[in-house]
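What follows is a pair of complexes built around subunit A, which joins subunit B in one and subunit C in the other.
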Partner chain A sequence: MDTVLAQAIINGLLLGGVYAAYSAGFSLIFGVMGVVNLAHGELIMLGAFTSYWLFAYFNLDPYLSAPVAMGLLFLFGYVVQKYIINRVIGQPHIMSYILTFGLHLMVANIAIKMWTQDFRSITTSYSGANAAIWGLNIPYARLVTFIVALFVTWGLWFFLMRTETGRAIRATAQDKEVARLMGVDIRNIYAITFGLGAAITGLSGSVMSPFVIISPEMGLEYTIIAFCVVVLGGMGYMPGALVGGLVLGVAQSLAATYLNAGVSVAITFIILFVMLIIRPRGLLGKGSVA
Partner chain B sequence: MNYRIDRIILILFLMFTGAVAFVPYLVQSEYQLRVVTVVVLWVGIAGCWNMMSGYTGYIDFGPVVYFGIGSYVVAIAMTKYSVPFFPSLFLSGCISAFVAFLVGIPTLRLRGAYFAIATFAFAEAMKQITLEFDRTFNVSFFQGSDGITLPISNYENSFFFYCILPVTFLVVFTHYFIEHSKFGYALKAIKEAESAAEISGVNTTANKLVAYVMSAFFLGLFGAIEAYWITYITPSDVFNVQKTVQMVIMTLLGGMGTFLGPVVGATFLTLISETLGAQFVEYYLIMIGAIIIVAILIMPSGIIGGLKIRKKLRFI
Partner chain C sequence: MILKGFKVTLIVILVGLMSVGLAYGEQKTPWKIGVAVSLTGVFGKDGNLVKDAYTLWQETVNSQGGINGAPVELIFYDDKSDPATTAKLTEQLITNDKVDLLLGGFGSSQLFAASPVAEKYRYPLISGGASSNKLFERGFKYYFSTLGKATEEVRGCVDIFSAVSPKPKTAAIIGADILFTSLACDGYKKYCKENGIEVIHFELFPMALQDYNSLLMKVKNKKPDLLLVGSHLLVAMKTMKALKEVDFSPKGVAFSYGPTVPKFVEDLKGDANYVIAASEWTPNMPYSGKVFGTASDFNKLYLKRFNRRPDYVEAAAAGGAVAQQQVLQELGLKPPLKKEDRVKIMEALHRDKFETFYGKIQFGADGANEAHPPVAVQIQSEKLENVFPLEYAEAKILYPFKPWKER
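And then the complex of A and B:
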C-alpha cells in the first residue's frame, strides 16, 4: 500500500472520528423524539465557544474545559426542550423542523451580535503537533477526538442499556403512550434526552476546538454533515453514528486526495441521496424508518 | 353557505389580480415596482411549495433545485444556443418537470424526515455538480463558480412584472383547482393517512408525482424569469438553500395546505424584510428566528389556517 493512500485513509478515519463524535447526539435526539434538530450545529458552536472563552480568559486547556461545556450545554438543551420543543410534541414533525430552524437562526445571529463574525482559533502547545509512525502523520488533537468519539458512543450505549433513566428513554422511544402508562414522565424524559444529546455535542465541540475554526456561523455545515452521518449509520441507532462517521470520513478523504475538495462535497450528497433511496435503514440496517 | 363564500373569494381574488395588473401604472418609482414584483414572485414560489408539501404533508426541503435548473436551462439555451427568451422559458419549465419526474419516482416512496433529507441532499448535490462539473471534466458548460451572464435585455422592470404575474396567477389558480377536484381530495387523504388512502383505492404514488412535477414546472418558470431579470447567475445563488427556507416559512406563516396561505405569508414576509430588514439589518435574522418560533408556538396552522378553523370555512 503506498503512503499517499495510507495517509488518505488515516486522515479519513480521524475525520470520521470527529464526525462520529458530534453526530451521536443528533441520532439520539431523532431516535427518541423524531425531532430533526436543525440547530444541532449551534450546539457544537456553543461548545467550542465555551472552550474558547475559558482558554482566552483563564488559559484553561480545552480538554479541561470540556466538562464545563458539557454541563452548560446539558442545561441549555434541557431548558430548550422543556419550554420550547415540548410544546410541539404530538404535532406533525414539520413543526419541530421549523421550530429548530428558528432556533438555529436566533442562536447563530445572537452569537454574531455578541461575539462578532470573526474567525477564531485556539492555539495550544499541541495544536498542529503530529505523531509520525512509518512515515505517516497522525495529528494528536484529532486522535484525541477520535478516542472521545469511541468513548461517547460507548458511554451513551452504556447509559441507555444499564441505567434506569436510560431504560425510560428507550421505552419512550419505542412507545411513548405505553411508557406513560408505566409511570414514565414523558416530558421530563424528553428534556433529559435533549439535554444529554446537547451535552455530548457540546463535549465534541469542545474537544474539536483546538483544530477547527470557531465562528458563530460555523453551525449549519456541521448540521448537514451530521445529517449525512446519521443517515449512513441508521437514524436513531447509536453505534451507527460511529460507523457512518468513519465511512463518510474515509470516502471524503479519498475523494479529496484523488479528485478535489469540491467533488468530495458533491460525493457526500450523492452518497446521502442514494443511501436514502436504496437503504434508508443505514449501512447496518438497524436504523428506524418513519 | 360555504360554497357561496368560496365563490365570493374566487371573484375577489380575480378582481384583486386584475387590480394588481395595473400596478406598473400607479407606482411612483422603479423601487416600488420592484418591491411589488418581488412580492408577486414570492407568492408564486411559495405557492409552488404549498402545492406539493402543503397538501400532501410531504416536506420537500429541496424545491430550490427546480428553480436553479430553470435558471440554468434558460441561461444555457440563450447564451450557448441563442434561443429566444420565450421558447427557452418554456423549455426551462419542461426540463424542470422532467427532472422532477425522474427524481420523484424513487424519492416519493420515502416518508417523513427521510423524504425531507433526500430532497435536501439532491438539491445540494446539484449545486455542487454545477459548481464542479467544468473543472472536473475540463469543459466550459456550466461555468462553475464564475456564473453565467445572460444577454442583457432592453426590457423595463414592468416587462418582468408582466412575465411573473400570469405565472403566479396560474399557480394560485391551480390551488383553487386542487381544492375543488378529486385530485385535491387525494392529496389531502395522503396527508391525513396515506396507508388508508391507498387501501381506499387512491393511487398515492401517481397523485404525489403529479403534484411534485407540477410544482417543479412552475418553479422552473420562476427560475428562468428571475435569471433573465437579474441577468447574472451562479450556482450558490440560484441553488441557495435560503430560498427553500423562505418558501417553507412563508407558507407556514400563511397556512399550509390552504388556497390563500402562500399569498398572505409571502406578502407579509417580503414586506417585513423590505421594511424591518432595511432599518434593522443587524437584528433582522434574530427577529425572523423569533417570528418563526412564536408563529409555530401560538398559531401552528398559520394566519389563513387559523382563520379557516375558527370560521369553519372549507375552501380558502
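And then the complex of A and C:
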C-alpha cells in the first residue's frame, strides 16, 4: 500500500473518530426520545468554551477541564429536558424540530452577546504535536479524540446494558407506556438521557478544543455532520455513531486526497441522500426509523 | 401652596431648558450621515470594527468644531450580515431618515447590494471594507472604495519573495470558494506568473470544509516552496492549526486576510510567527493629513479610545470618511444637502487627490483607490511587522518559515 493511500486512510479514521465522538450524544437522544436535537452543535460549542475559558483564566489544560465540561453540560442538558423539551414529548415531531431549532438560535445568540463573535483557539505546549511512524503522520490530539470516541461508545453500551438506570432508559426507548406501568419515572429518565447525551457531547467539544477554532456560531456545521453520521450508522443504534463516523471520515479523506476538497464536502450529502433512500436503518440495519 | 409654587418653578425651568435645546438645534443643523453595516451575523465582528472607525472619526471631527461649523451625527443600522437587508436599510436611510450622506459598511456582498440603491438616489458611497473586483465593473459613478481591488491586495504577499534568496520557484494556492477569497487566489496566480513562480497546485474549497488536514497533506506531498492562502480570519486560523498537525512547513506561508486581526496572534501565539499577510496600511507608514494627523497619531488615538490597535480595514474606513469630509470643506457646503450638492461631491471625489493618515487616496473612474501601494506584514516574535514595500519596511523578512519540529 503506498504512503499516500495509507495516510489518507489514517487521516480519515482520525477524522471519523472526531465525528463519532461528537455524534454519539445525538444518536442517544434520538434513540431514546425520538428528538432530533437541532441544538446539538451548541452543546459542542459550550463544551469547547468551557475548556477555552478555563484555559484562558486558569491555564488549565483542556484535557483536565474535560470532566468539568461534562458535569456542566450534564446539568444544562438535564434542566433543558426537564423544563423545556419534556413539554413536547409525545407531540408531533415537528414540535421538537421547532423547539430545538429555537434553542439553537437562543444559545448561539446569547453566547455571541456574552463572548462576542471572536474566533478563538487554544494553543498549548503540545498543540499540533504529531508522531511520524513509517513516514505516516499522526497528530496526538486527534488520536486522543479517537480513543475518547471508542471509550464513549463502550461506556454508553456498558451503562445501557449493565446498570439499573440504563435498563430503565432502554425500557423507555422500547415502550414508554409499559415502562411507566413498571414504575419508571419517564420524565426523569428523559432528563437523565438528555443530560447524558449533553455530557458526552460537551466532553467531545472539550477534547476537540486544542485543534478546532472556537466561536459562538460554530455549532450548526457540527449538527449537520452529526445528523449525517447518525443516519449512516443507524439512528439510535449506539455503536452506529462510531461506524458512521469512521465511514464518513474515510470517505471524505479519500475524496479530498484523490479528487478535491469540494467533493469531500459534497460526498457527505450524497451519502446522506442515498442512505435515506436505500437503507434508512443505517449501514448495519440496526437503526430505528421514526 | 409651597408645593404648587415648586411645581410652577419646575415647569418654568423645564420649558426654559427645552426652548434652549430647540434654539441650539436650530442653530446647528447636524450632518446626518447614515451607515447600514453588519453588527450581528457572519460579518458582525468586522462590521463592528467599521462602526468603531466611523465613531472615532465623528468624535474627532466634532471636537474640532465639526465640518464647516456643523457637527456630525451618525445613524447606524444593523443589516444582520444579509445583503438584501443592507439594500433595504440604505433606502430607508435615504428616504425615511433623509440623511445628507452615506458611508459604506463591511463586506463585498453587502456593498454590492447597497451601491445600486446609492447610485439610484445619487448618493456617493465610500467604503473601506469591500474590495471584490466585481464592485468596480458595473460602471457606477457614485461608488468609491479606499481599499485596492481584491486581486491587487495580495500583490505585496507575492512580490516580497523576490527580495529573498534563494528565490522560491514553486507555489501552491488554496482558498475558500467565496467571492473575496477566490479573487485573492486569482491575484496570487497573476503575481506568481509575473514573478516567475510556477503554480503547482490550485484549489478552492467550500467554507463548510471541516477537514483541512487531508487537503494540506495533499499539498504537502507536492512540496511547493510557498503556500498562498485566499482567506479570511476563520480560514486562516483553521489552516494554521492543520499546517502544524500535518507537519507541513513550506518556505513561505501567506494569507490574504486574517493574521492582521489581533486575535490571530493572541490565540495562536508562537505558532503564528513567520506568517505573512496582505495589508493596505500599517501605523508606521509615512502618511499624514488633516483631521487625524499622521498614521502613528491615528494609531495612538485608536489605542486610547478602544484599547486596541486599528486593523487596516478600520484605517481604510476612517480614511474614506476623511476624504468625503475634505470635499465638503472644499465645496463649503452646509447641511441639509440638496440633490445637486451630492452630484458635485461625486465629481469632486473623482477629481481630487487626498492626502490623509491612510495615505494618498485617488479614486479611478471605476471608484477603486489607485494611489495605494499594497503592503505585506509578517508576524515576528508574536508582533506584526511591516516587511513590504521595502522602502517602508520596519523589519527584514524572516525567510524561510521555521519548520514546526524546530520551534
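We take it that the second predicted complex is superposed on the first by the 290 of 290 C-alpha atoms of A that agree within 3 Å, B and C clash if a C-alpha of one lies under 4 Å from a C-alpha of the other, contacts with A are read in each partner's own complex, and residues count from 1 in each chain.
Basically, contacts are C-beta pairs under 8 Å (C-beta built on N, C-alpha and C of every residue); 3 or more make two chains touch, one makes a residue touch a chain.
Since the structure is predicted, the reported quantities are computational estimates derived from the model, not experimental observations.
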| item | value |
| --- | --- |
| Combined model on subunit A where subunit B meets subunit C, clash or fit | fit |
| Subunit B versus subunit C as contact partner of A:Val265, first or second or both or neither | both |
| Partner chain in contact with A:Ile213 - subunit B first, subunit C second, else both or neither | second |
| A:Gln7 touches, of subunit B and subunit C: first, second, both or neither? | second |
| Subunit B versus subunit C as contact partner of A:Leu15, first or second or both or neither | second |
| Which of subunit B and subunit C A:Met182 touches, first, second, both or neither | neither |
| Partner chain in contact with A:Pro139 - subunit B first, subunit C second, else both or neither | second |
| Touching partner for A:Ser121 - first (subunit B), second (subunit C), both, neither | second |
| First (subunit B), second (subunit C), both or neither touched by A:Gln252 | second |
| Where subunit B and subunit C come nearest after superposition, their Cα distance in Å | 5 |
| Subunit A positions touched by subunit B in one structure and by subunit C in the second | 260, 262, 265 |
| Subunit C-touching residues of subunit A, taken from the complex the two chains share | 4, 7-8, 11-12, 14-15, 112, 116-123, 127-128, 130, 132, 137, 139, 141-142, 211-213, 215, 217, 221, 225, 249, 252-253, 256-257, 260-262, 264-265 |
| List of subunit C residues in touch with subunit A within their complex | 40, 42, 44-45, 177, 203-206, 208-211, 213-215, 217-218, 221, 233-234, 237-238, 241, 244-247, 263, 267-271, 404 |
| Interfacial residue positions of subunit B with respect to subunit A in the complex | 57, 59, 106-107, 109-114, 116-118, 120-122, 124-125, 128-129, 131-132, 135-136, 245, 248-249, 252, 256, 282-283, 285-286, 288-293, 296-297, 300 |
| Subunit B-touching residues of subunit A, taken from the complex the two chains share | 30, 34, 36, 84, 87-88, 91-95, 97-99, 101-110, 113, 224, 227-228, 231, 235, 259-260, 262-263, 265-266, 269-270, 272-273, 276-277, 280, 289-290 |
